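Shared between the two complexes below is chain A, which has chain B as its partner in the first and chain C in the second.
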Partner chain A sequence: MLNYAIKRIGLAVLIIFLVMLAMYAMVFLVPGDPASLALGPRATPELKQALMESMGLDKPVYVQVWNFFRNALTGDLGYDVWSKRPVADMILEVFPQTLFLGAVALGTAVVLGIGLGCLAVLWRGSLADRLLAVLSVSMISVPSFVIAIYLLLIFAVWLGWFPAIGAGEAGNVKSQIQAVILPAAAIGITWVGYIARLVRASMLDVMGANHVRTARAFGLTERKIVLRYALRIAIIPTIAILAVGFGSILSSAVFVETVFSRPGIGSLITGAVLKRNYPVVMGAVLFMTAFYLFVVTAADLLMAYLDPRIRDVLRG
Partner chain B sequence: MCSVASRGSRTAWRALRADALGMMGFVIVATFIAMALFAPWIAPYDPLKIDVAHKFATPSLSHFAGTDQLGRDLLSRLIYGARTALGIALTATGIAGLCGILLGIIAGYGPRWLDALLVLVFDSLTSLPMIMLALAVITVLGPGTATLIFVIIIISVPGYARFIRAQTLSLVRSDFILAERVMDASHLRIILIHLLPNVAGQLLIVLSMDIPIVIMLEAGLSYLSLGVKPPTPSWGNILYDAYIALRQSPFMVVVAGLPLVLATLGFTFLGEALRDALDPRLQLKVIR
Partner chain C sequence: MSELLLSVKNLSVSYDTEAGSLQALRRANLAARAGEVIGIVGESGCGKSTLASALINLLATNARVVEGSVDFNGRDILSLSAEEKRHVRGRHIAMIFQDPMTSFNPVLRLGDQLVDFQDQLDLPQREKRERACAMLARVGIPDPAYNMNRYVHELSGGMRQRVAIAAALLMTPDVLIADEPTTALDVTMEAQIIHLMRELRHDYNGAIIVITHHLGLVGELCDRVYVMYAGQVVEEGSTDDIYHNPRHPYTQALNACDPAHLEEAVATLPTIAGRLPDLVTPPQGCSFVDRCPIATTHCRNAPPAMVEVAAGHHALCHEARR
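Our next item is the complex of A and B:
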């Protein structure tokens, strides 16, 4: 187990290192330097020089890379080109909003997805099962930002049930919850479909297992078998993908936060990319990548701890 | 190989006809392809022609889907948008597929150290959140259609290469390749005549199932003004224009989102039906 853990964590650290190295490599391979790109046509040589120095771009590449990693390890991700604020502060300020959005979205998706999956198994082979299958595929394939815009139009603009923009008043839990519902629904809906499909498929596998047959022989009702015996085993693959789900939900937040003008890491990055604000983009991408890899690796280790068979896969 | 391919396509067609949803997907996809190919003949107006006097027009006989904030005909823009969406999706997945085949065969057939190195690169790229990777590349290269295609290639190649590598590895161990080797066949012959035809067909299904994701990425990034640049009609930037004008012309949003909903659904239904007919083991992907 320790061996497995070291390998997994080592791989994650290596990946983060490679990512940042690749980003630096790209910055230097591309014609035009970041400072004049960020300044645009207004760039005077003096302004450019000052910006280059403040971004550390005047030093040799290896010094820059070294500085970046050394600073990143101590929690210093550099400074915003325009506002001069520390990037780490900017990220930590908005990250809880994205985390909250992601947690609500994934939580709801898990409950609804498992529910729909169970219903599909209970009604398997029927018309309702087929309709649920079509519904799940549709939920997976329609892009979240399109759903977000439709939800915004219907429930915020036409019906006026929810606020159209923002994340609610600070400190006012009720308004924050109201503001999170539509964006969370938009991001979560993909995962409702995905989890429903997964639960249905893995549960149908379990339905042929010996203990289910025994339960059936004892005369238990189908509902009891599905909910009490099949679900308990069928849920394992679902738990296994939740970490990836969380990461993917945080990524889709990029689109949905923009649609709802919600403060968050997604809108922070998008704004920075548009202004080619390198330090902010680099810092936020590094932060999100590290967070994602942390969640996925932690989940992998947890699964490996619970199920020794998984450890052997990496060995083989 | 030719007979295998035609048998494959016949099986696929028979399966499609039996599958109502797959057939629906096929019809939707065929419609969008026709729209993309024949856009100049189908579109009632020039998609770039500005007519501010008639901005935000509601649907009428002269403008079936109304007009946008500059008075451009929305239907024409959406039809040309199909051209943008499919053009980018096919170019990008096509190139990505070729790169995937090349790198996958190199990894699976080449020396062990190269394989290990390539797998490390593939795994690093696939373990990143896709959107973060895209945004990082766009910041460096600057937004635009070429960058968009490049981003899609970077995101998709590792998955395809991994897939081809696995196929190659299992083929290399098979008896007929061994026989070729015993007969002193050149590596080039083994790769071109035996490996390539056997792995390429499989990859086609994977590629076709990825098209809705690529369409989504193109539209999503264009929506964020990080993809196709206006005034070129893309479903993403049309939707963005509509979103900005949400309160003035709610109708525009409803129409502007429809092609994206229909296209992603159509391609997914078709892909699923083809998958079920040809290779049920493949899984539907979600965006990372």
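Our next item is the complex of A and C:
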């Protein structure tokens, strides 16, 4: 298990390094150097030269890559071209907002999804099961930015139940929770559908397995069979999908934070892209990549913890 | 004669399928006494697994008991409430399942499962572990304490079957059902498991019911045999009767197909020509009529009755008395 953990973490570090290389390549492939883009067409050559030097762009590319990598490892992601603030500080300032949004969205989706999935198993074959199937598929197929706009229109503009924009007053938990409900719903609804379908399928699969029959043959209670014997296996595919899906949650945060004008990594990136603020874009994307890898690695370790067969495959 | 533990009376079970109601079990009778080992033999689809499921009260959701009863301890266990059925399972009637690889939970340690299987016993957790450990040692698992901490996929096929037998014996059930206990094993392992089960016979006082399509296993283990065909018990008798003096043409054909009965090597093994009848609309007369070498018109029209051909030897055949 420890060996496996070390392998996984090593792999994650390697991936981060490759992502950094790719990002650097991207900056150089886009026409125009970052300094002239930042300063505009009327900048003097001296000013441009000074900015190039301060951004380290006058040095050979391999030195630049190395510097970026080394600085990133020590937590230094460069400085905002406009405000001169450290990018790392800007990210850490808004990241809790994105994390809160993502956690509320995903947490609700997991609870509702597993609940609906289990109900569908209990009611399998009935009208309710079929209605749940239609509902889940509709939830999966509507994109989150469409849901976001409708939610805004109905619940914020017409009904006025929730604020339309912002993240609530700082320090006021109630207003923060009110402000997070609509954007979290916009992101999470798709996942309720996914998880419900997945849990239904894997639960039905496991409940029909021979080992569940064995447990029944020994007179175990149905409750113990579902919670201890079946759910632990049925939950594994859901964890795998959630880890991968976390990437898509982060990218829907980019839309949703813009639609709801919430501060967060998503709106930080959107704003920085519009202003060609390269250090901020690169820093924020790198941070999200690292965070995503952290989540995927954690999910892999969790699956290996839950299923000894995965551990053996990885060990062997 | 020893105490009657379990008796199946006129049991008929149907499965609701898209093609109609499939009559998997038709008026089957069976009696199991303490200390007795009973064999149930027949080809695939003859109803032996349905009978086993009915005995342990785990019929599939689309199965329906049309008539009959399974009497255990003076009560019909098929008419108990779900909760009462649960208390009979494992505690009084236990089962050794066919494929030990898939019949243990893959993500829980074997020892933890063996402890869970004793849920119905009112004992402290530690004592349950000790009992499990002792039982593993009893069925010949080396280093039981170590193997308690392993998962099912880490054991060999023979070891898994030993653990499955240990699990079923843990609760000292009155009736032990072994569903194809050696089918998943190679020949060497099979011999070892048969040897183990013969050994266990001596200290076990309940009834053992062995379900198999393997006549050799029956010969090695059983006192009495029920031969099933197309959902019916077609012949019942002592193992000697069934082997050496079979009276039903199906039993005779089965014996002729057993490679152990062949006198010399042959290029192709003998088979019984024809197929099982469609059990959605079973034949009006005898079920075996289409494959039977001695069938008459009477066999086609009238269903045969069980006749006693000798003391304790019955056959479901019009021609058996001759």
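One rule holds for everything that comes next: the second predicted complex is superposed on the first by the 266 of 316 C-alpha atoms of A that agree within 3 Å, B and C clash if a C-alpha of one lies under 4 Å from a C-alpha of the other, contacts with A are read in each partner's own complex, and residues count from 1 in each chain.
The rule is simple: contacts are C-beta pairs under 8 Å (C-beta built on N, C-alpha and C of every residue); 3 or more make two chains touch, one makes a residue touch a chain.
Note that the coordinates shown come from a computational prediction; the quantities given were computed from them, not determined experimentally.
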* With the two complexes superposed on chain A, say which partner A:6 touches: chain B (first), chain C (second), both, or neither. => neither
* **In the superposition, chain B vs chain C on chain A residues touched** => B
* Return first, second, both or neither, reflecting whether A:259 touches chain B, chain C, both chains, or no partner chain. => first
* Asked: Once the shared chain is lined up, is A:21 touching chain B (first), chain C (second), both, or neither of them?
  -> neither
* Check the residue A:307 against both partner chains and state whether it touches chain B (first), chain C (second), both, or neither. => second
* Asked: Looking at the overlay, what does A:220 touch: chain B (first), chain C (second), both, or neither?
  -> second
* Scan A:210 for contacts with chain B and chain C and give back first, second, both or neither. => second
* Looking at the overlay, does A:228 come into contact with chain B only (first), chain C only (second), both, or neither? -> second
* To do: Within their complex, state which residues of chain B touch chain A.
  => 21, 120-121, 123-124, 127-132, 135-143, 212, 216, 219-220, 223-226, 239, 242-243, 246-247, 250, 253-254, 257, 260-261, 264-265, 267-269, 272, 284, 286-288
* Name, in rising order, each residue of chain C that touches chain A in their complex. => 56, 58, 86-91, 94-95, 97, 99, 102-108, 113, 116-117, 119-120, 151, 153-154, 167, 171
* In their shared complex, at which residues does chain A touch chain C? -> 209-211, 213-221, 224, 228-229, 232-233, 306-309, 312
* Asked: Quick one: in the complex, what on chain A touches chain B?
  -> 11-12, 14-15, 18-19, 23, 26-27, 30, 37, 134, 137-138, 140-143, 145-146, 149-150, 152-153, 157-158, 190-191, 194, 197, 244, 247-248, 250-252, 254-255, 258-259, 269-270, 272-274, 276, 278, 281-282, 285, 288-289, 292-293, 296
